[in-house]
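Multiple structures are listed underneath, in structure tokens.
Each of the next two complexes has subunit A plus one more chain, namely subunit B in the first and subunit C in the second.
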Partner chain A sequence: MAEFLLLDPSMLMNVLLIAISGTLICIGVHFVPVGGAPAAMAQATGIGTGTVELAAGSGLVGLVTASYMYANVPDASMALVLAAGAMGSMILIASAMLLGGLVYAYGVGVPFASAQVKRDPITGDTQEDYMSKGTQGHGIPTVSYVSGLIGAALGGTGGSLIYFVLIGLYSGVSSAVISSNAAAIAGMFAMGVYYVNAVIPSYGVGGTIEGFHDRKFKRVLPKDTLTSFIISLIAGILAILIAGGM
Partner chain B sequence: MADESLIKRNKLIIIAVVSGLSGIYLSPYFPALAAIGAIVAVVWGADAIRRVAAYGLGTGVPSIGQLALGMGIVASMFGLAIVGSVPLAGPVVALVTASVFGLITGLFAQHVIKMNIPVMISGMTEIAAAGSLIIVGFGSAAAGSYVFGTFVQNIFSSGIVLVIFWMGAMSILHPFNATLGPDEKQKRTLFLAVSTGAVTMTIIGVAATMILGSAGIITMVIGIVLWLVFYKKFWDEVYKDAASVVGTGLIPKTEA
Partner chain C sequence: MVLDLTMSLAVLSLMGVLATIAGALEDLESDVGSQSNPNSQVQLAPQMSFLHRIYNKAISGEPVSNGFSAVVSGIVTVVLLDSNVYAITSIAIGALVGALILGIFATTSFAGRVSSMTRFKQPLYMDIMRYTTPTIIAHNFIMNFCLVALAYIQYAILGHPFSIPFLALIWGIAAGAVGSSVGDVHYGAERQFQNSEFGAGLNTSLSGQIVRKAESGLRNSIDNVWFCAKFGGPATGIGLGLTVVLSNWPTTVIGYNWTAVLVGFGIVVLMAIIHRIVEVNIRNAYGPYKDHNGKEEAAA
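Then we have the complex of A and B:
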């Protein structure tokens, strides 16, 4: 029975959608300006915590807003749920960067500067003059802020897409156990896939990245994306088989 | 990492798989055993993490713990659900699925992302497998069953699975994260792993009292006892490994 289900075009479409959502999460992680421990000491550009923490934090908020939209709007369309997820993630990342920026500016007392570019690609401000010696930049410059918002939008869209696909699938299956707990199973599955796809690119970027203007961005994006796509494809097949296996 | 390992890797894998699975299979009769089996899996996972993360991941030890449980939960849900009318096969299928999932992730991390960690592939397989044993082990200790229907009904709808996810991840990532460094020793790290596993067991016991009643209290009490015993053992190891332990007193009121 399971095999028939998997070969059905609509099921293949679902598997593909889950693989795409995993890839979106992976790409999103590359946009978020993560500084890790060096940034926590204002010695590198970005938010002072790990990739996984930021990606997962924004992803889970996206999941909450997306599931709220799904539960409260009758027959919510895919676009509406995805937009809700993207908004949730963007709000979390934006507030994290805003509050982090306040701490860097008024608490630590550093100007915001990027070590990767001479001029901010968005505002055109010079960066080098504001760099402290021996650091890799500090604070969250405008370009990193914008990049973070793009990343959160992609991540939130990806997370809510997995949820949307799975809850639609699980609530329609014949097994009473799965259909009555569809939200919980779909949510946990989305969370699991989210974590895997948040960690894989963080290994690729090696802990810190400033945003889309970082030289690392172009270098690591293709291989991380390929990895995430394959891993999410496998996760997608497992998720679809759950629905057919009972 | 050729250090003086007290427990060899293969021996630990066998102990963890056997005790983890037998604990899960005995969970309908005595749920606390599933949690004890899961603690052994925590020790295995923590040991695998210490072997992989000793090379430096570039992004901190917590990431690998979260990856382990992320792979573990996907594989466990699949394993328990797919077996349908033969629930006895569920935990084994979950374990095998997690290992394969971990193996593929490890292969990609090593050859596509090029992390250059020699033990990446075997390490990733082990942590995913340990992650699955932890989820199913602590899960069946709280639910009182490893059958998918009861499992989902008892711990998914109530949200206890989130506690298992987070506490499980913390219990395997914390030991190495707290003890890493040039003088890290397997014995000290693994004693801490038992104690973090026991903390998780205690919390699972609290959750289980809501579902299973008195059986949960047994899990909780055993968890507290194991935690105290092994935290003391970890404490003693810290004192033994330290060059010296001195009291610094309070910070002086005036600058010297």
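Then we have the complex of A and C:
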């Protein structure tokens, strides 16, 4: 006997919210300036790691802060939990980019330069003269830093929204196994959706992207967003099914 | 458990210290085993006829492999805690089990990767395997210990809704993400190409041509971790420590409300400003790249 119906309007709203969360994560990952292996060798602009690794790392810290906010505030509003998630996520990326920048600056000795724009759209600094020969830029210029923060905020918000929807759903079911472990299941599911939506953009951007000023951003974002929405919709339906809904 | 403000800040400081040590050791473990993005050069070197004595594990992406060893440690710890073993003993045994399993993966990964390079005549040095694998396990043990202790504090003292293994998994992934973003650059962009002039940038055409001579004799992974422990490792530690402290400090001091969240956003803006100051300072200190005649040089 199904505990609740999938076609019930409130359940459909939950599925839709999970789909929106996944899409937010996917859009957020496009903003994060990841340079992959070339950036780790200071041969490309951005953070020297992969899209999935950094986006998931920051999103999960957002999940920790959001879940703690939810647990400590009685009847916490959705906006507060989402903001707490965005904050946690942004703090990880801000720390990683700040310390990563210090390593580029003083450990490797290269100034920050973007290969995609002649001038930094935010500061107006020239980029080309500060780029060493045979590279596609290096370090994290201000525009990439700001883009990374926007990406982390979107990703953290998306991850927290999934958690908020699922914890409300799972803690109310009659199955003791699910309801007593609602936080763990909701957290684990949010993590799964996070990984799925962090992988989709890595195919689109081909491993490296400098941020919202990168030409790839506009080119791949619409397709990736649609893909992510569809996949997250399926994930949302699965989230209802595992709690005993039909 | 309800703690007063002084005690809460003491606990938060302890968490920050644990995260700092975990972050530093995570990065150094990835350097001594040569994992994550810089490992692409270690993998490429034999194809460029640069045979080397560097350990080459790269089990998976750094966050995933660290999350894996941390979650194994967390699970063993919880099992022991349920058997009424002391917390500190449980965490130590759990961390050891997680580190040993990572050691098994490191060994098979190293042997497998080097075997796949037979056609490029890259030898599998057994002495490297014998004394580098325990070093990897030792580094990973300390990371696991710190992360599981951090998860234990969050769960048992601060009452976090997530379980110890899940929190250990999340912090393991976060440590890997920070290590891969911060410390790996020091290993990949500086240590592996130390023969080029400092700050000259690394031309893509030099890919795979890693330095193979050490300060004395032939370079191995222990030499690399010695170098990275001077900057890349501690920088990673500070990065993770800052993440743990700053993501919890506003709610610990101000409470669980909008003000705390806004203070958190303020901290992020402050870090962006510091980053900008660093950017301006190094642009002024280094200046634009110039060619041999002293003229400003546009990059290729």
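Throughout what follows, the second predicted complex is superposed on the first by the 240 of 246 C-alpha atoms of A that agree within 3 Å, B and C clash if a C-alpha of one lies under 4 Å from a C-alpha of the other, contacts with A are read in each partner's own complex, and residues count from 1 in each chain.
Convention: contacts are C-beta pairs under 8 Å (C-beta built on N, C-alpha and C of every residue); 3 or more make two chains touch, one makes a residue touch a chain.
None of these values were measured; they are calculated from a predicted model.
When the two structures are aligned on the shared chain, A:I234 is found in touch with subunit B, with no touch to subunit C. In the superposed pair of complexes, A:Y145 makes contact with subunit C only, with no contact to subunit B. Look at A:S202: by the touch rule set out above, it reaches subunit B but stays clear of subunit C. Set side by side, subunit B and subunit C differ in how many residues of subunit A they touch, and the one touching more is C. In the overlay built on the shared chain, the residue A:G192 is in contact with subunit B alone; subunit C does not reach it.
Of the two partner chains placed around the shared chain by superposition, neither subunit B nor subunit C is touched by A:R119.
In the superposed pair of complexes, A:R215 makes contact with neither subunit B nor subunit C.
When both complexes are aligned on chain A by C-alpha atoms, subunit A residues 36-37, 50, 52-53, 56, 184, 188, 191 touch subunit B in the first and subunit C in the second. Subunit B meets subunit A in the complex at residues 57-60, 62-64, 66-67, 69-75, 77-78, 81-84, 97, 101, 104-105, 108-109, 112-115, 148-149, 152-153, 156-157, 159, 161-162, 165.
By the touch rule above, subunit A contacts subunit B in their complex via residues 2, 36-37, 50-53, 56, 177-178, 181, 184-185, 188-189, 191-196, 198-200, 202-207, 220, 223-224, 226-227, 230-231, 234-235, 238-239, 241-242, 245-246. Note for the complex: subunit A touches subunit C at residues 36-43, 47-50, 52-54, 56-58, 60-61, 63-65, 67-73, 76, 80, 83-84, 87-88, 90-92, 94-113, 115, 123, 125, 128-136, 138-142, 145-146, 149, 183-184, 187-188, 191.
Residues 36-38, 40-41, 61-64, 154, 158-163, 166-167, 170, 173-174, 176-178, 180-186, 188-190, 192-193, 198-207, 231-232, 235-236, 238-240, 242-243, 246-248, 250-251, 256-258, 261, 264-265, 267-268, 271-272, 274-276, 278-279, 281-283, 286, 288-289, 296-300 of subunit C are the ones touching subunit A in the complex.
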